[in-house]
Amino acid sequence: MSKYNVTRRGVLRTGAGAAAGLTLPTYLRAAAHSGFTNAPTGDTVTLGFNVPQSGPYADEGADELRAYQLAVEHLNGEGDGGMLQTFSSQALEGTGILGKKVEYVTGDTQTKSDAARASARSMIEKDGAVMITGGSSSGVAVAVQALCQEAGVIFMAGLTHSNDTTGKDRKANGFRHFFNSYMSGAALAPILVDQYGADRKAYHLTADYNWGYTTEEAMASSTEALGWETVNSVKTPLTQTDFSSYIAPVLNSGADILVLNHYGGNMVNSLTNAVQFGLREAQANGKQFEIVVPLYSELMARGAGQNIAGILGSQNWDWKLENQLGERYKGTNAFVKSFGEKYGFPPSQAAHTCYVQTLLYADAVTRAGSFEPCAVVEALEGFEFDGLGNGPTLYRAEDHQCFKDVVVVRGKENPENEFDLVEIVEVTPTEQVTYAPDHPQFSGGALGSCNNGA
Amino acid sequence: MDQFIVQVLNGLDKGSAYALIALGLTLIFGTLGVVNFAHGALFMLGAFCAVIFSRLISLSHEIVDETRTDFLGNPMTVDVPYMHDIFGPELGASIIDWAVPLAILFSIPVMIGVGFAMERGLIKHFYKRPHADQILVTFGLAIVLQEIIKAFFGANPIQTPAPEAFTGSFDFGVWLGYDPLTIMYPYWRLVYFFFAAVVIGAVFAFLQFTTFGMVVRAGMADRETVGLLGIDIDKRFTLMFAMAACVAGLAGVMYAPIVAPNYHMGMDFLVLSFVVVVVGGMGSLPGAVFAGFLLGILESFASMPAVVDLLPGINQIVIYLVAIIILLTRPRGLMGRKGVMEE
Amino acid sequence: MLGIKGKDLSVFLLVAMLALLAPFLLNPFPVDSAMAQFNAGYPDLMQRFVIFGIFAIGFNILFGLTGYLSFGHAAFLGVGSYAAIWMMKLVSLNIIPGIIMAIIFAALFSVVVGYISLRRSGIYFSILTLAFAQMSYALAYSVLTPITGGETGLQIKPGDDPLLSNLAEGEIGRANLFGLEMGDSAILRAGGWEFTMNVGYYVCALVMLVAFYLAIRIFRSPFGMMLRAVKSNQQRMNYTGLNSRPYTLAAFVISGMYAGLAGGLMVAMDTQVGPERMFWTASGEVVLMTILGGAGTLIGPVLGAGFIKYMENIVSKINSTVLHEWFAFLPDGMEDFLVTIFYPFVGKGWHLTLGLMFMAVVIFLPGGLVEGGQRIASIFRRGKKSGAGDESAKQETPAE
Amino acid sequence: MGILEVKDVNKRFGGLQALGDVNLSVAENTVHAIIGPNGAGKSTLLNCLVGKLIPDTGSVMFAGQSVLGRKPYEINQMGISRVFQTPEIFGDLSVLENMMIPVLAKRDGAFKLRAIENVQDEGELLAEAEQMLDEVKMLDKRHMHAASMSRGDKRRLEMAMCLIQRPKLLLLDEPTAGMARADTNNTIALLKEIKEKRDITMCIIEHDMHVVFSLADRITVLAQGTPLVEDTPERIKGHPKVKEAYLGEAA
């Protein structure tokens, strides 16, 4: 088994206390360790928040970090407690985790897998983090998840939407609360058909990397199942900034729907270009031309400005859920309130999923009575909960993916402020977005067994 | 055929941006012999001139609107731009609407100032230093400029729309005898193309017909001789640098509505602009412009669905592939002069 | 000793000492102290120091000696990494075959790229190498996904069962050297200090010392002299009966092999590869490391690599909480003030500090960090014996 | 039969006839000077001899072998060395290293990968290089940075670098151009010394008649790309055609 052996601040606190005045160095063999990687033995526990702080997703990373800081406050019994009151599991009491005060370290993933792994390794090896969480892209999530599996710590994914994270690259030590490409497709398709009719021809522009592929596949298969036809799909380079040459052929391709399987800056630019080329006003096949963006993000909606108005997409969560759709989404308001009061604006879905993941981890540790990864895995597998803003949710044991309602949203025509850019169209219930663990879009992966590390 | 025409237009449009950036870079690179890795950052600063200017003219004061509430349930505060107070709501709104074109006037002094400060404060001391040192110092400067912008404006792209009058598309097809709606092209992109043509023309005219330009061209050809003639080339080089910064900035200002500016857009263009300059040939202004348009058009063609189906991935690599082929067949790029940056 | 002598030998011994004692030297602060944030003596970062050191040493053989500025060296690192991980997935979890394959593939690829690119010189050469690297990156990211794993890259998976390893069903293979796992560490504690001696690090360090030793030999060899002649005057070289092309190509391939070695080691230490490793910024990074440290000097590139990696991994982790901890002893107003001053330069602002450091080094230390070291050394020496004999020593080894 | 035989060489640049039917024969162990007014084609001819340019027609034979189509380094390996108008040396290297490179090139050929051996271990070659430096009175400067030397020293170093390869033919392209009188005389003395001490053929392109008449055994006068006369210095001095060529230029 693994012999990841690392510095542990927790141990050292007590160790240093005991060793005070000692001059003889103590020498430890890796094998002399029992238990698991970074077992916290002092009165604190360290979590690692690994988010993009530079590069295109830095703002999203900053929002994730805000949520983490809020979660730590709440876990330590500071602030108003946020979702702790609404969480269906009442194991957490605001006294840290298992009585240990929560401390955290931060790192910069730069949205590059190498940098993200370097940062995560430093958290594990230097800072003694017992759980790593965060990230804003699937490449990073998959890379860090694999690292955590090897090292024997828990990975609670941040924003990662590719099927692969809990599909072919799933890992026993990794968990994803965020929804995925398949769910976006399954949630959006019925509503698209409902809004735009079943006789539609779709043209896909797809970011040329894994997330783009899984999203395109999910969108195409779920819409085709309901009668749509996929006219063409074109891959666009990740580094593209001007999409004009990809957008221009769309109008004359016979398609009447454009699906932009893009995220972040790609999405902002391709959508802006599509609007510039008049696709919003165009008519095709005697119908109004429409644009669909499968994965929405508030921050990117802000970047897209007016162009996002009227465009359908899906989200993991939205801060208006409880206000508009009631009790089922309780917890939303509690979180929005504490976040808003601390930072002055409502949280993004990235912030929400990160906050929830931290709480879920803390809760699982508390219920398991141990920080041991395998115990945590066991506590999280098949865990059903409510009150964290998404309604009743299941952490499925087979692939460590959360199953919950998916929010279908539309860009607002006349937003009142820069945080009110989307309106909720409908919520697709859990059953409709649930799939079998061995669904073809998720095949080829195995969780393996949980790893406790050293 | 109609698709072909659209892609030519796209290519010209992309090419305009490449050509403008490469033109400025060639002025610095070919004239002053400075490898300027901060050139992308200058382009980015130009785009942010548009952002800053539109923020400035939409500066507003808050009025509490009791009838509405915000997301926490408190009374809503509504922003009213000062422009509305000064010029009345209508004229004020249209001034704000025209922010990007007006930002040109704002950006010219700003970019000249930036270029001037950069040359006097930093680049001047690096003319005689090895290229490696120039790379390091300008790269450092680029990072610093980027981070300053990031600190103020965040990492997200900032939408900077073109004026209302330029939204929508021009129906080229009708014009060329095709059916309506077959060849549509956005007005703003046409504006960008013409703007680029004007700027490029102005730079060439300036270099061709003024004494200043003649001295600079002579300096590009043989710096030592011009120095020996007793002409104070330094002062002219400062101006030259400021002009190059200004060209990069103008390219950025007008580009803002096409691609929403973000703090690292300069880095995205940096490598490409070096490729364009080198493919055009070191020290050749027409070469840089021509290469810009050539690569823009080829990139557009390569991203046509039919082409991508035939050669998967060609859209990813076409620029580099073409660059390799050109540099192998024409040792000094398309129009390069001998001996410039060959050691 | 070992065929090197004088100043070279002392530089080599110094580097060897630093490398072997790194776990101690890099952890100067007790773990519980506020300054522990600056400790860099944990396995991952130490490994990165030496791996990027190898990369930069190799790059310097090309750039420092011949003056040919390659802007695509990260491609060789990436190719090496992909070769190594496939060896580990398919053949053996022992790192040796992986690293050998990494070097071979990087060498083959660099022969092709070098043969074509070296037909041009100066900026034209730089752009050719850049173009090859960017093409490799773009293809690895997208079209070559079946081989490269695309964006998510390649890792060792539970299903991977290398030919020469007998893994239990579902067990994830780990990189090892004849059974010694790279993740193994011994921890030494003394008082409040803690030192981690990691197997992987020492493997890297030994490889780096070999690489560094070879670099010294190359620098002092007839071949090295020919390379410097290429940089100095190609015309004279050709009229002296020397064909400069094979010399530059050999230098290019050797430095490509160093890059491949670094890529292979990277995989050996952390079994995953992603295509960003080949992006132009990665190529640019090694250029910056070399220039920052001092191009053409032996130890400069290693210093440059260490400097940049330190900034990336240590400064980026300093957040406002850490700052508050540091200044907690001050009165509240002072504390907040200082935190506000420092905050933009650390954590998410680490790039700003990096950019400022680049500018500061190139402005104040034109010869790179090595010059900084020399200046400090000369201050000390002047203290002892007013700097006599210094000049001639420098002339003996112009490319130290 | 001379060591260098140039036959019917023609070279055009676009519409300009740079060389027309040049015939030249340089006898072994003589000093042959090529003179002529500016633009007479002297440099073009020289570049054709060393492989930098390839003539359109004609042949250039050196010691019985054709040099046409060969690269400069191959031609050097055949035994032709060249001294440039402005000294071409390895400025970044020390003087001793400058001398080592031609020695190594002579021994190892155009390319040999000797990456592990130490230069300092090449005792014999070092001794040879130092002896040569001693011969040109530069031994005390052997650790100097070559670029930091005076122009005269650079010229001497360049010649030493050529001579150490023991070439059969030494081509000199205006070796005294831009030199002060004293330096010129030193150079003449050096060349005379070389001529006396070694079995070497020299071919000099020169403007300075003083140099030419002090050194040359035979002189070819080139005008408008074609040889006018070839004769001994004494007879060239009073030759009407030569006067015409030079005076014509002056007028």
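The chains carry the letters A, B, C and D, assigned in the order they are written, with residues numbered from 1 in each.
As a working rule, contacts are C-beta pairs under 8 Å (C-beta built on N, C-alpha and C of every residue); 3 or more make two chains touch, one makes a residue touch a chain.
Here the structure is a predicted model, which is why all the values come from computation and not from measurement.
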{"item": "Mutual neighbours - chains that touch subunit A and subunit D alike", "value": "C"}
{"item": "Chain pair with the greatest number of C-beta contact pairs", "value": "A-C"}
{"item": "Chain nearest the global centroid, as defined over all protein CA atoms shown", "value": "C"}
{"item": "Geometric centre distance via CA averages, subunit D-subunit B, whole Å", "value": "52"}
{"item": "Distance between the centres, which are taken as Cα means, of subunit C and subunit A, whole angstrom", "value": "33"}
{"item": "Centroid spacing, where centroids are CA-atom means, of subunit B and subunit C in whole angstrom", "value": "34"}
{"item": "Set of subunit A residues in contact with two or more other chains", "value": "54, 58, 62, 208, 235, 237, 239"}
{"item": "Residue numbers of subunit C (touch at least two other chains)", "value": "138, 141-142, 351"}
{"item": "Complete list of chain pairs which touch one another", "value": "A-B, A-C, B-C, C-D"}
{"item": "Subunit A-facing residues of subunit C, complex", "value": "30-32, 39, 42-45, 48, 138, 141-142, 145, 150-153, 155, 157-159, 170, 172, 174, 181, 183-192, 194, 196, 270-272, 274, 276-277, 312-313, 316-317, 319, 321, 347-348, 350-351"}
{"item": "In the complex with subunit C, residue positions of subunit A that touch it", "value": "2-7, 9, 12-13, 15-16, 19-20, 22-30, 53-54, 58, 61-62, 104-108, 112-115, 117-119, 121-122, 125-126, 137-139, 142-143, 146-147, 149-151, 162, 164, 169, 208-211, 213, 235, 237-239, 446, 448-449, 451"}
{"item": "In the complex, subunit A residues that touch subunit B", "value": "54-59, 62, 208, 232, 234-237, 239, 241-242, 244-246, 248-249, 251-253, 265, 268-269, 272-273, 276-278, 281-282, 299-300, 302-307, 319-320, 336-337, 340-341, 346, 416-417, 419-420"}
{"item": "Residue ranges of subunit B touching subunit C (in the complex, touch as defined)", "value": "35, 122, 125, 129, 131-133, 135-137, 139-144, 146-148, 151, 267, 271, 274-275, 278-279, 282, 312-313, 316-317, 320-321, 323-324, 327-328, 331-333, 341-343"}
{"item": "Of all residues in subunit B, those that touch subunit A in their complex", "value": "2-3, 6-7, 9-11, 13-14, 17, 68, 70-72, 76, 150, 154-159, 161, 167-169, 181-182, 184-186, 188-189, 258-260, 262, 264-265, 268, 299-300, 303-305, 308, 312, 315-316"}
